[in-house]
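We call the chains A, B and C, going by the order they appear; numbering starts again at 1 in every chain.
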Amino acid sequence: MFRATCNTRDFKKVINATSNLVDEICFEVDENGIKASAMDPSHVALVSMEMPKDVFEEYEGDVHDIGIDLEALKKIIARGKGDEKLILDLDAEKNKLNVTFKSNVTRKFSIALYDVSSSNLKVPDIEYPNNVSIKAGAFVEALKDAELVNDHITLKVDEDKFIIYSKGDLNQSETVFDNGVDDDDDTLAEFNMGEASRSTFNLAYLKDLTKSTAAEDLLKIYLGSDMPVKIEYEVSGSKLVFLLAPRIES
Amino acid sequence: MFRATCNTRDFKKVINATSNLVDEICFEVDENGIKASAMDPSHVALVSMEMPKDVFEEYEGDVHDIGIDLEALKKIIARGKGDEKLILDLDAEKNKLNVTFKSNVTRKFSIALYDVSSSNLKVPDIEYPNNVSIKAGAFVEALKDAELVNDHITLKVDEDKFIIYSKGDLNQSETVFDNGVDDDDDTLAEFNMGEASRSTFNLAYLKDLTKSTAAEDLLKIYLGSDMPVKIEYEVSGSKLVFLLAPRIES
Amino acid sequence: MFRATCNTRDFKKVINATSNLVDEICFEVDENGIKASAMDPSHVALVSMEMPKDVFEEYEGDVHDIGIDLEALKKIIARGKGDEKLILDLDAEKNKLNVTFKSNVTRKFSIALYDVSSSNLKVPDIEYPNNVSIKAGAFVEALKDAELVNDHITLKVDEDKFIIYSKGDLNQSETVFDNGVDDDDDTLAEFNMGEASRSTFNLAYLKDLTKSTAAEDLLKIYLGSDMPVKIEYEVSGSKLVFLLAPRIES
C-alpha cells in the first residue's frame, strides 16, 4: 500500500530537480516518506532526494521499491497545474503507479513500473573545509557567464571571497562574491572558510544540477580542493542533495 | 463585386481554425455572406465555416467563387493587429483578393486567386445519440494528456460521464468530466446522452481541429459508437464545423 | 589608457545595432569618445557608430585602436542586466579588453583583442533629394509585411507619401505613410521631398540594419533614385549611421 497526496507545484519541483541528471530511479517508500538516490549514467554525479511524510497532505506507505521512468514521470507531472491536488497511488497488482490530478475535472495517468531495485546509495559523509550559502539565481548566472568562455568552471574559496571563474583560450569570466562587502539582498548568505580551496567541474553537470532551482532558493555548497562539490537545498520541506566529482586537471 | 470590412481579430480566428487542416479553399461568396468547406488532403476530416453578412461592419457581395491559398492568407492575416480594421476586396479583373489593414497607416496585400471551384461539400446530416458542450480549454488539455501516451484517443460517453482516454504500451491517461459532479465553472456545460458510446480518433487531427480555439470557447461535440465526431463552435457570430472520421480498430 | 563606465542598457543597444551586419570592428578610442565603422563582409552595407565621451558616466581615453570580436562582445554584453554598471577597461599589456558588470556582485570578463587596424572608413557625404523621419516600429512592421512577398523591397517617395512596397510572383504588399493625413501618434514625424524617387534594396540587410531598434526610436531615412539609403538614429546620445547600396534592377 502506498498512497500520497500533495501539492502539484512542490512535487513537480522535486521531480524536475531529480530528473535532470538521471533517467530512472527507485522510490524507496516506507511509513516515513519517500527517499531516492541514483548516479548519473557516467557516474560523475550523485542525486539524492528525500520527501518526508509530513510534506504530504495525506500519506500512507508500506515498504515498497517503486522503479520509476523519470522521463515519463516528469512529462506527466508537467501536465499538472501548480494548484491542482496530486495523488500518487501504487497499483501493486498491475505493477503501475497512478498519478491523478484533481481540480474540477479528474485526470489520471498510469505509468508502468521499472524493475529497478533500491540503489542503497548513500551520500558519502565527507568532511569539507569550506561551505557557503548562496542564492541559486546568482549562482546560475555565474554558470551562464562561464558558459561563454569554456565547458568547465572553477569554484574557489579564498580570503573572504567565493569566486567562480572560467578561462578559455581567448576569453575568461569571473564572478566574485565578497563576504566582506555588505550585501543587502543576502546573495551570499553564509561564508564558512576553513582553508583556501579550488576545484574544477564540468559546467554542463553543474548547470543540470541547478537547472530546476528558483532564483531565491538558498543553495548550501560544500567545497574543498580537488574534492567533489556537494550542493544541498530544500523545496518546501523536501531535501535535495547533489554530489559532483571534480575534473582532475592534467 | 465583393467587399467586406471587419475586425482583424475575429477574421484571424476563423481563418486560423479553417487552415489548420486544409491548404486551399473556395470562399463561396454571395449577398448573405461567406461560406467555405473542404476536406483535408487525406479525406479524414471535413472543415466548414460560415461568416454571415451581419458579422461584418460593411458587406457587399455578388455571387463569386474565390479560390484561396489558405497558407498565404493566414500569413497575411497574421500581420494584422487585433484592433486594426480589415478590408477584403475582390479585384475580379486582376484575379486578386486585396487585404487591407487600416489604422493610422494603410497596409495593403494582394493575393493571386487559385483556380478552385466550389466544393459543394455539405456537412452530412447525421443523427447522433449523444452530444456534450464543453470548454475548449479543458478539452485541449485532455488531448495534451493523451499525447504523452499514444497517437490515438478514445471519446466515450457513459453513465453521466464524458471520458477521454488513451492507452499506450506502457502508460495510459484518462480525463473524466462527470455530469453528476457540481462543476462551478461550467467546464461541462451540457451533457445529453442517448446511449453509451465510444469512438477512437487520430489524436493529431483532433489537435489540429481545436488548435485555434480559445480556452473559454464552448465546443459542441456530437458522438456515437464508431461514428465520425462532429465539433461545432462559434467565433463572434461566425460558425465553424468540423467532422472527423473514426479510427477503426482492428 | 582607456577606461569608461556606462549604463549596460545603452551600450548593449549600440553594440547590438553595430553587430547585426559586422563580425569584427575597430574601436577608435581617444579623449573625445569611441568611434567605429565597418563594411559588412559582402560590402553592401556600411555601419558607423559614435559614442561621445559625455554619454559615459566616467571616461578616460588616450588614442587606441581596439580590435573587437563583435560576436564575442555581444554575447558578453548580453549577460549584463540593464541596470548594472558596465566598466570597459583596456589591458594594453595583455592585449585584452576587460568588461565588468557591477551590482552587488562583480562579474568580470576579459576578451582577447583582434589585430584589426582602424578602417578609416567615413560615411560618404552624399546629397539626398528626400528625407523622412519615421518611428522604427512602423518601418520594421512594413519590412515584415514585405517579407511575406519577396526578398527585396522598394522605398518610394512621391506626392506627399512615403511608400514601402514589395512585389512577388503571386502576391504583393504595400505600406503607405501619408504626410497629408493627420497622424496623431507621429509615426511619420518629418517628410522632406525634393523630387519623386524610388530605390530597391535587399530586404534581409534592411531588417538587420533595423533589428536592434526600439519601436519608438526615430529613424531619419535619406532617399533618392537608385541611390544608397542612409538611416540614422540615436541611442541616448550615441549615434548610429547605416548606408545600404541599392539593388540595381535588370
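For this structure, a couple of remarks:
As a convention for this text, a residue touches a chain if its C-beta (ideal position, glycine included) is under 8 Å from a C-beta of that chain, and two chains touch if they have at least 3 such contacts.
Note that the structure is predicted; figures quoted are calculated from it, not measured.
Because chain A and chain C share one sequence, their contact can be compared position by position; here under half of the interface residue numbers appear on both sides.
The angle of the rotation carrying chain A onto chain B, fitted on C-alpha atoms and rounded to the nearest 5, is 120°.
Taking the mean of the C-alpha atoms as each chain's centre, chain A and chain C sit 44 Å apart.
The set of chain C residues that touch two or more partner chains is empty.
Contacts from chain A toward chain C in the complex involve residues 138, 141-142, 144-145, 148-149, 170-178, 181, 183-185, 187. Within the complex, the chain B residues that touch chain C are 69, 72, 75-76, 79, 104-112.
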